[in-house]
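Shown next, in structure tokens, is the structure this report addresses.
Chain nomenclature is as follows: A, B and C, assigned in order of appearance, with residue numbering initiated at 1 for each chain independently.
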Amino acid sequence: MKQAAITLAADRGRVHSPAAPPEDSPLAISGLTVSYGDKPAVFSVDATFAPEAMTAIIGPNGAGKSTLLKASLGVIPRVSGEVTVFGRPIERARERIAYVPQRASVDWDFPTTVIDVVLMGLYRRIGLVRRIGRANRDTALECLDRVGMADFAHRQIGQLSGGQQQRVFLARALAQDADLYLLDEPFAGVDAATERAIIDVLKALKAQSRAVVCVHHDLATVRAYFDHVFLINVRRIAQGTVEEAFTSENLQATYGGRLATGHIDQLSLPGQQVS
Amino acid sequence: MNPLAEALLLQAGYNAALVGIGAGLLGFAAGAAGTFLFLRKRALVSDAVAHATLPGVGLAFIVMVMAGGDGRNLLGLLAGSAVSAWVGLWLVQWMTRTTRLSEDAAIGAVLSVFFGLGIVILTVIQTMSSGRQAGLESFLLGSTAGMLFNDALIIAIGGSLAVIATWLLRRPMTLVSFDPDYAAASGTNVDRIDLAMMGLVMAVTVIGLKLVGLILIIALLIIPPVTARFWTERSDHVIWWAGIFGGVSGYVGAAISASAPALPTGAIIVLVAAGLFGLSLLFAPARGVAAAVLRHRRFQWRVHRRQGLLAMARAEPIHDPFTLRVLGSEGLVRRDGVPTDAGRAQAAKIARDERRWDVARQIHLDAGLTGRYDGLTPIEQVFTPDEIAEFDARIGGPAPVATQGGH
Amino acid sequence: MGAQFVQFSLTPILIGIFAAIACALPGNFLVLRRQALIGDAISHVVLPGIVVAFLITGTVAAIPMLLGAAGAAIVAVILIEAIKRLGRIEPGAAMGVTFTTLFAAGVLLLDQSDTSNVHLDVEHALMGNLESLIWFRAEGWHSLFDPVALAALPDELGRIFVVCLLVIALTVFFWRPLKISTFDEGFAQALGLPVGAMGFGLVVVAAIAAVAAFDAVGSIIVIAMFICPPAAARLMTNSLERQVWWSVGFATLAAILGYVFAGYGPLWFGGQNAVSAAGMIAAVSGVILGLACLYGPHRSRVGAARQQADA
């Protein structure tokens, strides 16, 4: 094909080549478009997430962060686009994914207990009718223990605080023992102790060579928590390691006027990036 | 003159004319009152209210007979139905507030239990000596056959009163159904308006019992507002549209059923309303299905065209078959996927617009403007020609778009 | 409790119990999914279904009627879904539009067709004829072992029994996916569960239960049993497993007490004729729900769920 590469400034994320070729990437998205009505919520997004890393999906409210995640998983329909997980179509790689939805997406008045919710993470392995054995319960309890919720195993889920609910959701994902963890705003509205507990668990996952992708809204903690960022505002703005892509220039492009330059400076960005 | 035209022109007898006018007025009031329920997403509350009238009808009959009167007095029966509907409504609200049950469960519980109770009472009445010919079953499905002049008069007067009440309450009710929080903040007593709204729904239900029956009156409270929603986005307009749809359904339906024997009035009225709904669902200009399908196809087309051209501009291969079809049918790529000259020109334009956007987003820190960088909005729609010229100046002359020989 | 009971009361009570359980089981999930009123909608569209079946086949045989009713229920479910999606109308209103329209069509068809000589009327559809489903050939408990007498059991009993077993089997088999997709649809989808098909399947099972129950006991019980026992059960426990057991217990209790009160209640008050058993069963289930609302140990929302509801 005889075409010169036109380096679009909007494509600056591409300048830093993706950390891995799509075949090895835990999650590779190409040409993903999602719309609510006639307005694109996500437009033609390409993304290749890095293995054995923690990536934050960042962007202003309504920028399509959660939409990107949900459409990748098939939770909401997409207008176009393809998604592969470890090089295979997502439909054939479900068992390698653990998904932690937003807390508010479920009815917390549902008649069930904490350990029951965690056991849901094992259903794929237990199957339709096999009895839940002691080993399964022990696994569930161990996952609860990892998020510091073992004492709450037999509580009704409606009695939990927001942070505790989030930890239970994370424990359910741990029970899935997946290779790719997708979390939708795991730190939204949780207490400081929970935030610390969650980040410790996620870092431990990374240490076990799992990939973690979080929809994240708090710019102040990006540097401390994540290795990679993906900046989105309906379209992909930039992607790369935190050093490469989490720059004031990219943030400006992502947030527009909402983020004053002075504010970006306070985020302790690498000096050479501040214009 | 044929019977339908006769009935439509109120020439089919005194009773039929009164019933027609009453049905029209009732339909109007039902449509308008139902709008408030619909906008507050409580459409099926009317379901509970309607079914809850049955035990009241039965008990009123028994009380009137025991008091030595005629059990069939319509006003008495309607009063009884109003009382039991009120109790049913109160129970729905009590359950929703004090227990963990959701409103739909409360509605279903009240409607089935009250209806069951009503049936029990009806079987009791059938065993009473004066009960065999009570004809209370007509309240299930409504019946205008053998309707007394007084009954028709009650329907006509009741319908008029309901319309007047709707008119008087329209402003506060619009406010409350549109934005209850704002209404409360601006000093409206939301609870009292809610109460009035429910009162109106109950009144419409009770008046409609004899005409369309307690199951089908629900239709008059739900279908016209849903129909109206297709034609306007403004809540104050929805009320009047719903009233008109309801009124037309009631009047035309009553006329059709008066024009031939054995056409059940209630069913015909509901089917006329449903017909209007079906037409609106399919063909309404903005929210109709036909319009939506068309819009969605166009949208999908635009997305794929744009994505294809973007890929072309970046010299990336295009795999998506639909994208290739879109570009192919516009003559932008050849069958083997290689861009044509026209395609290259388009891609160049898109590449230039992307660069313009880029500059625009650097200059204008206004998120409202840059937020429209969604891939589909043409830059010309957002910025003036002067501004675009300025972007071009910053880009620094036309960029080379397609050079031979690749990298 | 002798021959008379077996002859006149045993089969209606059993039919009532099976119908109540068959409806209450899917009802648990419908109530939790905020779809309780699907049962209401389904039971209203049964009428046009059987009328159309009658018009097509010309008979009032049970099987065509049941197929017609089931067909109408499925049509209604599809219509509701279509109106909801295509017209972007909230579910309650879409249901209201659909079932009233279909019911009106049924009433019109019924009035227009010559069904006066057959037993097909609205009242029957609503109230059923539980009282008449007696076991004529029975002479006492020993008839339970008499093949000749057993062959004369009312057909309705066999049908509702089979449907009840089917519903139980499906509930047990699909328990886990049903539970996950009811609690957390997004998670279920991410697991790759066919969430849409599960939801539709649930409604279809509810429709089958409703139609079979309707055949014997009329549509009032159907609506009441879909909602009242599960709703009351929800207020008794915080475990879905126990909730389902409670709902089965409540459904059984309502069926037995309702039948007994309808048959013998009037006698206690000096009346002579029984009242509608279907109506009474619905009323008893309402009383059970009322008691659960007043005294159920888990009747109110707690903690975060409460804030969620208030928000």
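Everything below uses one rule, namely that contacts are C-beta pairs under 8 Å (C-beta built on N, C-alpha and C of every residue); 3 or more make two chains touch, one makes a residue touch a chain.
Please read all numbers here as calculations on a predicted model, not as lab measurements.
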item: Overall pattern in which the protein chains touch one another (line/ring/star/complete/other); value: complete
item: Chain separated most widely from chain B, comparing mean CA positions; value: A
item: Maximum inter-chain contact count - chain pair; value: B-C
item: Centre-most chain, if every chain is reduced to its averaged C-alpha atoms; value: B
item: Centroid spacing, where centroids are CA-atom means, of chain B and chain C in whole angstrom; value: 28
item: Computed distance of Cα centres, chain B from chain A, in Å; value: 38
item: Separation of mean Cα positions, chain C and chain A [Å, integer]; value: 43
item: Chain A: positions in contact with at least two other chains; value: 109
item: Multi-chain contact residues (two or more partners), chain C; value: 234, 301, 305, 309
item: Multi-partner residues of chain B (each touching 2 or more other chains); value: 100
item: Chain B contact footprint on chain C (complex, rising order); value: 31, 34-37, 39-40, 44, 83, 86-90, 92-97, 100-101, 103-105, 107-108, 111-112, 122-123, 126-127, 220-221, 223-224, 226-228, 230-231, 234-235, 262, 266, 271-276, 278-283, 285-286, 289, 293, 296, 298-301, 305, 309
item: In the complex with chain B, residue positions of chain A that touch it; value: 1-6, 8-11, 31, 33, 35, 38-40, 43-44, 60, 79-80, 82, 109, 233-235, 252-253, 255-258
item: Parts of chain C lying in touch with chain A, wherever the complex brings them together; value: 32, 172-177, 179-180, 182-187, 189-192, 234, 237-240, 243, 301-306, 308-309
item: Complex contacts: residues of chain B adjacent to chain A; value: 100, 295-296, 299-300, 303-304, 306-307, 310-315, 317, 320, 322-323, 338-339, 344, 351, 354-355, 357-358, 361-362, 364-367, 369-371, 373-376, 399-407
item: Of chain B, residues touching chain C in the complex; value: 38, 41-44, 46-47, 94-95, 98-102, 104-109, 111-120, 122-124, 127, 137, 140-141, 215-216, 218-219, 221-223, 225-226, 229-230, 262-264, 266-268, 270-271, 274, 277, 281, 287, 289, 292
